[in-house]
Structures are given as C-alpha cells and as structure tokens.
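After this come two complexes, each holding chain A, first together with chain B and then together with chain C.
Up next is the complex of A and B:
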C-alpha cells in the first residue's frame, strides 16, 4: 500500500505557496459569505433569467408538454402589452409618492425627536416601533376597517362632523383615492425605519460642528441644509435606496387593500401583476420576465441614485 | 499574474456551458404503471368551514371500503380550498407526494388535465350504472377533449333569494323575468334608500353570467378544437347592459357593489341590507341561521321570458384519479363508492350539497322544499365555463369582472368593455 504522504505533502506545499502569496486567505474568509450569497442570491437569479427565456407553464413543469426555448418571446409579449406599461406607470408614480412621503414623515419626526424630552421621545419611539412591528397583512386589514364605507370610524367621524357626503363613501372606488389609502398605510408602516436611522445620524453629528457654524452666524435653515444634511448623506442614501426598493416591490398592501388590484385592475403594481401572471395563471416564463424587468429597473434606479450622491460629494 | 487570464476565460466558458446546457426543471410525472390492489390509498378532500359532518360521512365510506378490501387502508387528507392551486401543482410536480384520489373544483379541471395531472377513466366508468343518472350538462364538467377525468360529486347552483316582507310592504309581485328582477330592485331602493335592491357585485362572475346566458350570449364558443370569445355578441351585450342597470345607483350603487364578490353579495342579504341576492344552495344554511330566515323565499332566477329560467353556472366538485397513481383500480372503486347514491345522499344531508345523480336529486327535492328551486334550476339546464387550460389565467386576471366593473364605473361603454374583454379572452385562448 502506497503511503498517502507525498500527495498530501505536495498539496501542503501548494497551500503554503498560496498562503505566502496571500491569495488564498482572503478567499477562505469569504467562502461562507460567498456560499450563502451564491445559494440565496445568484442561483435564484440565474433560475429567474433562465425561466424567462422559456415557454414554461404548468404543463411544461409537469412534463406533459415539451419544454420550448422561446428566446425573447416572453419579453416581447410583455413589452407589447399596454397593460404592462400602465402598471409600470402606476408603480413608478405610486412608489415615488411612497418614498417621498416616508422620508418626509420619518425625517420630520427624527428632527422632532432630537428636541423632545427623554420620556416623550421614548413614547414616540415606542409608538413608532409598534407600527414597525405590525405585520403588513394585519396593518392592511386594520386600515381597511378604519376606512370601511359604512362601519369604519373614519367615515363615521367625518359624518358626525357634518360632512354627510362621507356616509357610505368608498375610499377604494376611484383609482387615486385607493392608491392614496394604500399610500397612507405604507407610510405608516415604513416611516419608523427612516426615523430611527436618521435620528441616529443626527445624533452622531458632533455638537462642535454645529456650534462652530452658529458662531459663524449661520441660521437654523442654513445649518440644516449646509451642515447637517451633507453629514447625513450616508444615512440618507441608505434610507432612500431601501425605501425605493421596498416601495417598488410593494405587494401585500395592494393585494389586500384593493382586493388584488382594484376595480378593473386599476390599482395593479408590478409585483401584484407578476404574481397574477406567474402564479395565479401558471405562466412562469412570463412571470419571470416581469421579475427580471423589475430587478433591472431597481438596479438601475439605485445605481443612478448612488452615483448622483457620490457626484454631489465631489462638488462639496 | 499571467495565469489569471486563462482562469477567467475558463470561468466564463464554464458559465456559458452552464447557461446553454441547463433548462428549467421538468418532472417525469408518468407513474410506475403499477396497479396494486393493496396498501395505502391516499385521498385529498377539501376542508370546509364546518367540516365535522363531512368527515363523518367520509369516515363511514372509508370504513365500508376498508371492510370490502382486505389489506387496504384509506388515508384521507383535508386540504384548504384557497391554496389548492399550489397543492395540486406540487402534487403534479412530485408524484411521490401526490394522492391517488382527489376532490377538485370543476373549473380547475382543464388546467389539471393539460398539466397531465389526472387520469382518463372513461373505460372504467363506461359500465358504471349510476353514472347514467348524471345529466349531460353536469357530466360535461368532468370531461376534457372527449376524455372523462372523474365523477361529479356534488353541485352548487345559484338562484334568486328575496325578502318576502319587503316585497309585501311595497306591493311588489314576485318577478317573472330578469327585467322584472331589476325593476323590483329599483322600486325597493326608491322606497328604502338604505337597502340594496339586488345585492350582486361586479366581481361576482357567477352572479352576472346568468344575465348573459339568459339573453343567449356566452363567454366563448367552441369551433373545432379551439375557443373564440363571444362576450361581444349582440346577445351577450344585451345581458351585460341589463346587469349594468343592477350596478347603478338605482339598484346597487357601484361605490358599494362594484368590488363585491359572490360571498359579499350574499352577506349583505344575510345582514338584512338587501332585498334580493343571487345565492347558492350552499348559502342556505347561513341564511337560515340569520335574522332574515323567516322572511326569505327562493325562486329560480327567471330568464328573459315569463316562465323561463336563466341558465345557472354548473359549479361543483368532482372526484378524480391522479395520473401518477399506482392503485388505479382501487382508486376508481373508491371514487365510485363515494360518488355513489348512498354517500351522495349522506353528503346532502350532512352539508346541503346538491347531488349530481338524477335519482338522488328528485328524492331530496321531494323531501325538502328549500332545495326544490335549486333542483328546478338544475333541471332547466346549466352552463359552464370554457373547458380549456386558459381559463385559469382568464380567471386569475379577472377578465370578466373587469368588463363588468368598467361598465359599472362609467369607464367604458358596454360595446367597448365587451370588445376589450373579447380581445383579452382571444389572446388567452390563442396563447395556449
């Protein structure tokens, strides 16, 4: 029996050589992270892209019909469908409004929090954490109940104030009223993240910097715009990119509050539309194409935004 | 650094090979072809809100079956209706976790058959005597392209529920035509503005389809092997026009009604907020348990002429045998037992489900006057949705509710909404 030592020793030498070059060590440290990323991110993404190039419906999955490579057909169908463009428009406008609303509300409350006494601030944070911790499904159901046409407290309160027009008023009937209602729910459940992050950011600005600015005669607005905002840029970048991604991908709130896309599909957004096409109708290929388009759009928006931020940084 | 380039090229090449060689996964769903006469027979049935009575009937059937077949155990699993699509997709994708026998909603069948999920058991059923008692309309709900994929187990048929006291107070006669139904609804709302004349929503497909069917229209017509949309025919548009009068502020205001599904439509009636609704025999128990029970009467939904009945949708559940089963003979025998006369009758008594066997239907109609209007509706002929796998996507995209909702909300004229819906249907039919 040959001794296993020589190959081992050779491997050991190779290893040592790589070690000396410092080439293997960083990779060794990265392996766990890469494995997780590969399994959870790269592989699903690869499958998504792959499926989007096939005519892949339920009969193809079970093997009842042959699999057919259809090239760009799913994308052509999608881009040629006027409904897709309408849904995309809805999504962009709706997500834009949600991001703006969330950051405005979260930012204002973060500033407010820095000026409150400790126990009021604790109360504010507890309330915000409550909203944050509420699952989207529960939050949507509660919101729907609040705005129920006949039983909802909101309509009852408005009617009691003399606005009888709100008796039996349906908030989900017209397109923009329904989007507005969902927007308020989205802002309610996502402002706490913005608030907490920006609050931490504001707190980390050294007091001396602001004091120095004041000594130089800067007004409060000037301090906020020219000193605090630039110093908050990293935190702002995180919350904006996060919000864009979350709000672009909104599903639960629209699905529950507008009953799967509203009257005649007027409140469909990309994710609900993809679900409708892919899972409910079993057109996995087309659904994957929507997924790929969404991913590409999000990557693009995020990259453009990050670039813009960095460029600003160079000017200042 | 010289050796980096080949490394990178190799990686790229590997990636390209991976991309080219791999295709999305496909299952080989062909079963072993075995037909074992012993072992465990696995059965999927739908879970119900009030499940105990159903379980009792099924347990009796299982006991009888196991007594007659030595060495056979029947394992029943109750699956939720809402997530049935995922469950069945999973079963088709992985035959080892699939049942041998399953209950399924009849509108889902064409899609299941297209996916190769269910077995054609025409030969076994050919000499099954009780099967002759199933009417052609109903039998068609278990057939796809000439094959028979199960036995209709029970039906849900809808009829017109109305409040006798409201009609008496306002001096309204029992409506004899669809026009009179709408007219009665208008009168009620005029006199009692808090009440919905006819509670029937814009998302209630099987509530508005009878209007279209009664006028001689249809969702689609079959020519050769394929379907062509027919919702834009003159007859269908006449029905849609009449239904749009229901979804108006004079009968059922669109603000309240445009989004309502069947369930919500009936809930309004049970809550006493509506003078009429289109409800199913499966709603009878809930109505009888509510406050309006004593003032409720049910008649078949009238058609366009006095004395006629608007065709109802033949919704219901069938029992079928999965294609991948290795207990084919036993499976068919179990289906025949559970869908046979004895257990159909028992299921009717336990759950109020309408039997599919003609003999059992007339028995229950004679013994229970509440069910009579539904049996009468059934006997005057029912209709069904297009038998094609495309129905799943048409249903999921809400093509028909969208058509009705657009008219109701004033977003489109009847012509435009029906034309667009027809185009959308044709696209789905063609996309198969």
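Up next is the complex of A and C:
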C-alpha cells in the first residue's frame, strides 16, 4: 500500500504543475521592462547604426533635402579624416592614463588603508566617499576653480612658494596641461571605487596565508607581489575593466573643463567629438558613425569584463 | 609604534588632500563675494555668509532647477524600480526558455555606452514630442523616459539577488492560503525585498541627478525646464565667473548625493556599484 504523500509535499507538486502550466506568466512580468528597453535602448541602437549609413545633415533634418542612403561614405570620410585619428589617439592615451592613474592611486591607498589605525582609516574612507559622491558636473566646477589662473588656490600656493610664472598661469591653455587637469579630476573621483574594492579584496585574503609566507622568510614586497597580487587578480580585473569602460566614455568632465573640447578641438575625445559633429556642426550621419565606432570598441572591452566577472564566480 | 605613527600621518595627509576640493567648495560658497573676487587665499573665513546661497536661490532661480531635478529623479526611481522589480521576479522565480539569454542581454544592455545614443534619442524625443509634447524635447518627460531605460538593466541585475533570496516555501504557503501569483508578488515579495529596492532606487536617483549630457541635449530652449547640472553651467560666464554662486550651487547639488552615498556605502564595494559614475 502506498503511503499517502504529506499534504504539503502534494501541494508543492500541484504548485509546480501550476507553474509549468503558466508559461505566459513570466512574460507578463517582463513586459514593462522589455517595452521600455526595446523602445529606448534597442531601437535607438538600431537607429544609430542606420543613420550612420545615411547622408543626414541639417537640410535633411528640416526636410529641405531628401534623405539619401550613402553606404559606407560616413565611415570613409571618418577614416580619411586626420582629426578622427587624432581624437581616437587622444581618447586612448587619455583613457589609458586615467585608468593607470586611478588604479595606481587606488591600489596604493588600499594597501595603505590596511596598515592605518581604525580612526585614520575611517577618515580616509569618509574623504574618499565624498570625492566618489561628487557629481561630475560639480567636481569639474570645483577643480576648475582650484586651478583658476588668478583666483585658484593652486596657483596662489605655487606663487607663494616662490615659483615664478604661475601667477595667472592657465592650466587649460595647452593640450596636455588641460588633459592633465581633467585627468586629476577623474582620478580624484574614481580612485575610491578602486580603493574600496581592492581593500575588501585584501581583507578577504586569509591571514594564515600571509603569515605562512612571512615564516618562510618572504619580504613585504615579496608577499605583496607573489602572494597578495595573484589572489587579488579577479578583483583587479574587475576594477581595471570597469575603469576602462568609464574612462573611455568620459564626456562631462572634458566638456565642462575644456569648454567643449579645448582650444581648436585639441582636447576632443570620441564622445565629445561625436556630440560636436552632430549638434554643433549638424553632421548627424557622421556623428552616428563615430557613435558606432565608440559602441563597438566599448562592447569589445565589455566582453572582456564579462569573462572577468565569470572567472570571479559571479553566476549568471 | 613609530612606524604606525608615520603611516597614520601619511594616511591623514592623504585624507586631507582628498577632502580638500570639497572643503574649498564649501568654504568658497560661504566666503563673502568681495573676498572671493579679490582672490583671498585664506583657507578659512571669519565672516561666513549665506549671501551666495541667497543669490543662487533667489536671483538665479536655482530652487526651480532643484525641483526639476528632484521631479525627474523621483519619477525615474519609481518607474525604473517598478519595471526592474517585475522583470527580476520573472527572471529569478520562473524557469522558462530564453531566461538565460535574457539575463545575458540585461548584462550587455548595462554596458551599452548610452552617450553614443544621444543622436538617435534626440530624434526619437523630437518625434515623440510631435504627438505628446510633455514627453518630447524641451520637456522633463524626455529625461524621465531615457533615464528610466538607462536605470533598468542595472536595477534588474541588483534586484535579482534580493528576489531570489526569498524562500520558495513562502510562495507555496501564500498559494495554499489562496493568494494568486500577483498577490504574492505584491504583498509578500515586494516588502521582503525592500532593502534591495531602496539600494537600486538610490542608484537610479544618483544616475539621473548627475546627468549632464542628456539634460543639455534635450532641454534646448525651455530654460524653465532645465535641470541642476545645466543651470550650474550657465553660471560660467567668460572672464567673470561668479565663483561664489557656482560653489553654492555645487554644494546644493552635491549634498543629496553625499547623503545617499552614506546610505549605500556598504553595497558600493561590489563590482556593480561602479556603474553609477559616468
């Protein structure tokens, strides 16, 4: 004689059966999100690619001239334009420097934080939290003020130290000085993420591992390089790729601090360049082509990020 | 012991350097205008005044932009959290074909550089505005729409864990008590995931509050519909920047974000926390 199933188990089975029956139910929950994402993310993405293949300028926008499919012409114009290559170079060098700077500062401070007294560490983390929380717009405004030619405390301090030539010195006048200024603002507001993540990573390394290495006679540098760094590799991968993704698409800081791309466009990066081509020069097709290039580059980097996340054990 | 002191001193110095820009912002907002324009280098002021704040709020109508920013951010928080929560329910508590595909798509969607979409979104908003003006260019609705879309992928990704953590037995118990699936989601699941909902709401808020690119692209000529970042930029005037006003405005814009960051600081270390800054 079969023993009757406990009522709860039976209910559970009936429940599961009901679940399997309601195949449409999850889709009902998905509809709002999918509708919004489809209309405002997927469709514009499709439009971006489409417009990049059209001759789409101010006359076409107003309807004075008909829309004309131009094939790869925008891309040909772009690849044949020395300014595009200069902007691409700017973007790679600037983003690379931002990533290197952010990770160097964040990493060093994470190590420093492990050796601080608790109250100093709290102060450091609070200060970092403040920098992290500052919106890009206000951060840019404040850094512009700090480095203002005549009223900024930086020039005043340098002049007071007896350094000549800093009175009225403009930090945004030459190309690399302007990039350097934006870079320092970017590092200031993005190092906290790196610091906090790596600090958590260092803290999660079991003390015994480091103790064992010490007992075997390893120096501090040796422990850092041969024991801690390999164990931090997944966290490092995440902060590196995340930093690349942010720094590659910086718009606000460059736009505000260099006044829309610097003197004669010397400080343009891809995003600002696309924006200026489209909204300042009315070259919407060309701007879209730049957008496609940026998106393609970033999605490639993001795929690397995905793999890094996987390796870190993030489940899908 | 001495070594401890030395590292502590170094740590303290670094903390001071990191905090200095924010300190200078607050200080300059409180300094009298005359001192500021004379280039007073003192790192303190004996005559703090709220004059700059008053100028910003009364003369420049900053309160209006503050309200605009708040309104957009609030609408985005409600809409994106609602959509993302329902989607997270579907993606974690149901097993169906194409579920894994959808999850990967959510992750990829989170990585689309939204800055590159400015051009098509501009024309989309122009088109929408021709039939529903409130959601088109020059209206705050356009900002609500785009930021809701931008916030959803990250919100789904974050809420997933919270929704999945609610035990299956609760669902069965609710079903036995006669609750339908939607009743369970609304009355049991939603309250139980409240901490996650709060965290994602804050991220959506900050993301929207900080946006400069779309605010400056969509709100072209309707000055009364500007949001804070664009209004702040309008204080920049060639050769005669009103730094007191800029700094006071910066303080007003930074404070809410700072408060929220203190709330979510625990969640910031997880890799996704970074996705806010742009």
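The working rule: the second predicted complex is superposed on the first by the 246 of 316 C-alpha atoms of A that agree within 3 Å, B and C clash if a C-alpha of one lies under 4 Å from a C-alpha of the other, contacts with A are read in each partner's own complex, and residues count from 1 in each chain.
Rule of thumb we're sticking to: contacts are C-beta pairs under 8 Å (C-beta built on N, C-alpha and C of every residue); 3 or more make two chains touch, one makes a residue touch a chain.
Just so it is clear, the model here is predicted, and its values are computed rather than measured.
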{"item": "Contacts of A:170 with chain B and chain C, given as first, second, both or neither", "value": "first"}
{"item": "Which superposed partner A:106 touches (first chain B, second chain C, both, neither)", "value": "neither"}
{"item": "Touching partner for A:62 - first (chain B), second (chain C), both, neither", "value": "first"}
{"item": "Which of chain B and chain C A:281 touches, first, second, both or neither", "value": "first"}
{"item": "Touched chain A residues, chain B compared with chain C", "value": "C"}
{"item": "Touching partner for A:47 - first (chain B), second (chain C), both, neither", "value": "both"}
{"item": "Intersection of chain A interface sets (partners chain B, chain C)", "value": "47, 51, 279, 284"}
{"item": "Residues of chain C touching chain A in the complex", "value": "4, 7-8, 10-12, 14-16, 18-19, 21-22, 24-25, 28, 36-37, 39, 41, 43, 79, 82-84, 86-87, 89-91, 94, 96, 99-100, 102-104, 107-109, 111-124, 145-146, 148-150, 152-153, 156, 171-172, 175-176, 181, 185, 206, 209-210, 212-213, 217, 228-229, 232-233, 236, 241, 243, 246-247, 249-250, 253-254, 257-258, 260-262, 265, 268-269, 271, 273-275, 277-278"}
{"item": "Partner chain A, residues of chain B touching it in the complex", "value": "19, 22-30, 85-86, 89, 92-93, 111, 114-117, 202-203, 254-256, 258-259, 389, 392-393, 396-398, 401-402, 405-406, 409, 411"}
{"item": "Touching residues on chain A, where the partner in the complex is chain C", "value": "8, 11-12, 15, 18-19, 22-23, 25-30, 32-34, 36-37, 39-41, 43-45, 47-48, 51, 109, 112-113, 115-117, 120-121, 123-124, 126-139, 141-143, 145-146, 148, 150-151, 153, 156-157, 160, 188-190, 193, 196-197, 199-200, 238-239, 242, 245-246, 248-249, 251-252, 255-256, 271, 274-275, 278-279, 284, 287-288, 291-292, 294-295, 298-299, 302, 305-306, 309, 312, 314, 316"}
{"item": "In the complex, chain A residues that touch chain B", "value": "47, 50-51, 54, 56, 58-65, 67, 69, 149, 168-170, 172-173, 259-265, 276-277, 279-284"}
